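In what follows, a single structure is set out as structure tokens and then discussed.
Chain IDs A, B, C, D, E and F follow the sequence of writing; residue 1 opens each chain.
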Amino acid sequence: MLIQALFFFSLLVASTQAFDFCVADPSLPVGPAGYSCKKTADVTVDDFIFSLAASGNTSNIISAAVTPAFPPTFAGVNGLGISIARLDFAVGGVIPFHTHPGGSEILVVIQGQLCAGFISSLENQVYFKTLVKGDVMAFPRGLLHFQFNSGKSPALAFVSFSSPNPGLQVTDFAFFKNDLPTEIVAKTTFLDIPQIKKLKAILGGTN
Amino acid sequence: MLIQALFFFSLLVASTQAFDFCVADPSLPVGPAGYSCKKTADVTVDDFIFSLAASGNTSNIISAAVTPAFPPTFAGVNGLGISIARLDFAVGGVIPFHTHPGGSEILVVIQGQLCAGFISSLENQVYFKTLVKGDVMAFPRGLLHFQFNSGKSPALAFVSFSSPNPGLQVTDFAFFKNDLPTEIVAKTTFLDIPQIKKLKAILGGTN
Amino acid sequence: MLIQALFFFSLLVASTQAFDFCVADPSLPVGPAGYSCKKTADVTVDDFIFSLAASGNTSNIISAAVTPAFPPTFAGVNGLGISIARLDFAVGGVIPFHTHPGGSEILVVIQGQLCAGFISSLENQVYFKTLVKGDVMAFPRGLLHFQFNSGKSPALAFVSFSSPNPGLQVTDFAFFKNDLPTEIVAKTTFLDIPQIKKLKAILGGTN
Amino acid sequence: MLIQALFFFSLLVASTQAFDFCVADPSLPVGPAGYSCKKTADVTVDDFIFSLAASGNTSNIISAAVTPAFPPTFAGVNGLGISIARLDFAVGGVIPFHTHPGGSEILVVIQGQLCAGFISSLENQVYFKTLVKGDVMAFPRGLLHFQFNSGKSPALAFVSFSSPNPGLQVTDFAFFKNDLPTEIVAKTTFLDIPQIKKLKAILGGTN
Amino acid sequence: MLIQALFFFSLLVASTQAFDFCVADPSLPVGPAGYSCKKTADVTVDDFIFSLAASGNTSNIISAAVTPAFPPTFAGVNGLGISIARLDFAVGGVIPFHTHPGGSEILVVIQGQLCAGFISSLENQVYFKTLVKGDVMAFPRGLLHFQFNSGKSPALAFVSFSSPNPGLQVTDFAFFKNDLPTEIVAKTTFLDIPQIKKLKAILGGTN
Amino acid sequence: MLIQALFFFSLLVASTQAFDFCVADPSLPVGPAGYSCKKTADVTVDDFIFSLAASGNTSNIISAAVTPAFPPTFAGVNGLGISIARLDFAVGGVIPFHTHPGGSEILVVIQGQLCAGFISSLENQVYFKTLVKGDVMAFPRGLLHFQFNSGKSPALAFVSFSSPNPGLQVTDFAFFKNDLPTEIVAKTTFLDIPQIKKLKAILGGTN
């Protein structure tokens, strides 16, 4: 009986690649759907595990840190339609306005108190609230949103995304941390020139 | 022979609804995939036609106008994965930095000269150029982008989207045209309070 | 200038429904893509917030509890491609073998120690490991997986899914917690009749 | 222990609608993703079963018959991404050139001999072959294809589609079985007027 | 006129790759969306044809056989969203409880009598029935289901899937045909140790 | 402060590939989702720009020209879900009946007058109308449609598609511009042999 079982579905496993998962192999070409897959024979459980145990370094301009678990570093989520990141906030820490062009976000507060919100498109409606430990908040795909520590102690949250590659576009960085000429920034944001120059100086923008 | 043909595929057309298209009926419920469909029997060619012949009114703060052809006004594109809008620019006109959370955009210049660009996420790389008549430019989904008239005469362009409901989030409107408290705007944008108050005043924001 | 701004994009906001999100209205019809949307005017920030602060009741057969944040209870994630749940494990607690037919899962350990694993299809390869605080593990869509408390204290984890409606099919419940006749269970699982009857008795199955 | 099990996952089943399936309820609105779902409590196994046992009536102009199992008649496949149809061919029977705008097709020959083929877009390459019992052939989405009985006895095949609503556009019917004016047909097909009039007469077209 | 036609759409066919189909080339990298495509010039009609004429060998533990037509063996369905398999059942044959993580299934009975069923998630509702020649049954994506020969003669069916890579996870094989330690199987299935050891012995599991 | 900002999100940009876009690199393998991506470091703004300024050559059999902006020529739209083409019509010009198997189309008339229409599947309903400058018309995915110059001067239109790879299958070319044997064309189209031979001669078909 044992022998017979070995023949069962034998045709099925003759294929070189199953499609249960597609662990990223960054040495191979990347396509619109993500990274190419590592050979199944080379996949181990560690491809599906990632440690977000360490607190991010919040000694920076925003007193906060984003530690992502995205491919190819977290190779196992390639193609799975999901990913995760850790958010650390020192007292006063803030994740400034940003979007994820590639996915929706869900946040759960593990420690501390956060104020979080997003803005709808077209009507520019504000949806924001103070969140405490155990609170979950959803942020729809592509919309501007923010989180900041509104409490008196450090805060910790985890955010998951509906894509392994959600992207992250911080508005301030897009406006002020590159070489887009100041006059174009002014024309397309209505901000005053001194304001733009001040933030370019802080964030490392030129022109 | 004619009679026989009438029986052919008769079972197929017995269903109450074909799925070639799903013309929006805004009186029925809306779901994540779009509007409910009008009965096929009530659909006419006019559901698939929309006039963008008229120039938008550019006598406004941006000297530009966006005239969209989206459902439910343009009912026929509901569910089709595409839509279109007309962009008019007076001399000096600008479509300020904005995103479309729901889709990519492709622009074709019909008249005049535009400067257009977008910013990548993560690396904040700027991609911008001057476009002339006949030039096409693509703007990837969800990324911040802008267009402004860089010529000496009015300009006209059409933009198509990879979704019937691309959305439109103008950064300035999201920051300054609602009741998000000024101190939160300051905290999450690093902008100075006077700058925020100035733009709230212009755009109609409160708090 | 203020007045002029009010006209800007006026056509865009004339539509009755934006598509940034689609908060579930369970009183309306449900379709393959999810619940119908609540009118935007009735949406509040609370639709996007859900509390998973309370520990689930682990005084049950598995010494564990799953507390989901799915629509329509968590109305805001309808259509967003993501959802979340809280997992509580008493000492010895176990989430038995199960699948989520509708989505991939990503787990983060908040407290305690878990042993977690999944089995690939076709090759029946086992991927399992002991996870500690801060560890993240991904479970590909539809594959059999399990988690159990392998430590000496209670454990807590959050799991996110790549769908608002991932589903949950516990193998034991599918086999033993309904009226599927015992002889059919035996024929289709190769389990012995007494084993089946024992588990049907525990889980409430009949026939 | 039995009692305790009843509490397990109790929150999960409190929702009014699972998303394992979405059996079509044609009395409710239809959306871009398909029919609205019947209440789960009203679903029975018969919603997932359809008989294609009866041979279609091939006493018609093509000596062939297509018997589809599509929603809402076959309500269970709504939203599942698949459907099926039965093809009967008398001797000399033919399914003329047609497309399925909404899905790919896979055909398996159960009895008899068929000649089947499709044409690629852009390069107009022909892919056709004679198929015998047990042969499977795939037809990519949206491409023109045909099947005809090339043997000396009746033939039977089943065709499955990658959508519950693949659609069926028979080229001859699109050209000749409606009121599109003859001169427009001529202009847009390059066919001669007498040819068009002849086929309009056979298929019931006017104008 | 002939010459002129050769110029028509000449730009379109200058691209190196059409996207009507993407025949699998297993020598190239695999990605989340499937195999890389063979060059169009190398594609022949035989890439789209596969013979399922031969009965599978049912001299095995389940007295049944599954003969799949999946890529890369059936290279033409790569990327098309559909695939097919042949099911042979000797008298008493059974396809034990299993899932397809990657797709829904539709079955048509060609010969004999089958009992087939599936179990819903969350509510564990059983949907099963006896099927005869010509009966079609749908099995929603990812749900546990089974088929067995409930007649007195051999049975034959074809099953199509809503994906070229549906996967196949046989619950018994996942539990008992690998090296998952017996104590973990017991803990996560509630099965008795002797039962687990017995099935591991039959199916070739270790530990 | 500047220094500190450089550390912010540093983990995020360590990945070798962002997924904002996937500019086609035709030297790498192609998959079902499109071309492989060029390295982000090699991407320039010109990858997202394409000139459709030049009128197509309408000195051909149809007195019209289609000038597409598709990948790999227009590399930037690969993976973005959108593309565009320019349509030029001399007086009397016609784009004969055709389909786009891979996407819906939206057309805007820039100059002149067009008659455009499509045919629904199953019911063969005709939807057609005369369009003038500024008119937009949508053509649902995969359906037969046509456009011709119904005015007395040249016409110009732009058409966008809901896919970077919509494909283009001109019915006449599929029937008459290849080596499909005349008797098979006759059998599968009901056209008369002389009509087929006449069009094969014009379009370059053989057999």
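Everything that follows uses one rule, which is that a residue touches a chain if its C-beta (ideal position, glycine included) is under 8 Å from a C-beta of that chain, and two chains touch if they have at least 3 such contacts.
The chain lineup, named per UniProt: A, B, C, D, E, F = Germin-like protein.
This is a predicted model, so every value here is computed, not measured.
Each step here moves to a touching chain, and the least such steps from chain C (Germin-like protein) to chain E (Germin-like protein) number 1. Taking the options D-E, C-E or E-F in turn, the interface that duplicates A-E in more than half of its contact pairs by residue number is E-F.
Both chain D (Germin-like protein) and chain E (Germin-like protein) derive from one sequence, and where they touch, over half of the residue numbers involved are common to the two copies. For the pair chain A (Germin-like protein) and chain C (Germin-like protein), the distance between mean C-alpha positions equals 21 Å. Rounded to whole angstrom, the centroid-to-centroid distance between chain A (Germin-like protein) and chain B (Germin-like protein), based on C-alpha atoms, equals 26 Å. Centre to centre, using the average C-alpha position, chain B (Germin-like protein) and chain C (Germin-like protein) are separated by 35 Å. Annotation for chain F (Germin-like protein): residues touching 2 or more other chains are 9, 12, 15, 18, 20, 29, 31-35, 101-102, 117, 120-122, 125, 128, 140-143, 167-168, 170, 177, 202. Every pair of chains that touch is listed here: A-B, A-C, A-E, A-F, B-C, B-D, B-F, C-D, C-E, D-E, D-F, E-F. Taken in their complex, chain A (Germin-like protein) has these residues touching chain F (Germin-like protein): 26, 29-35, 57, 59-62, 65-68, 70-73, 101-102, 165, 167-168, 170, 177, 201-204.
Residues 9, 12-13, 15, 18, 20-21, 40, 43-46, 48-54, 69, 74, 76-77, 80-84, 86, 103-106, 108, 110, 117-118, 120-123, 125, 127-129, 131-143, 158, 160-163 of chain A (Germin-like protein) are the ones that touch chain C (Germin-like protein) when the two sit in their complex.
Per the touch definition, chain F (Germin-like protein) reaches chain A (Germin-like protein) in the complex via residues 1-2, 4-9, 11-12, 14-20, 22, 25, 28-29, 31-37, 78-79. Taken in their complex, chain D (Germin-like protein) has these residues touching chain F (Germin-like protein): 94, 96-97, 99-102, 115, 117, 119-122, 124-126, 128, 140-144, 146, 148, 167-175, 177-180, 184, 187-192, 195, 198-199, 202.
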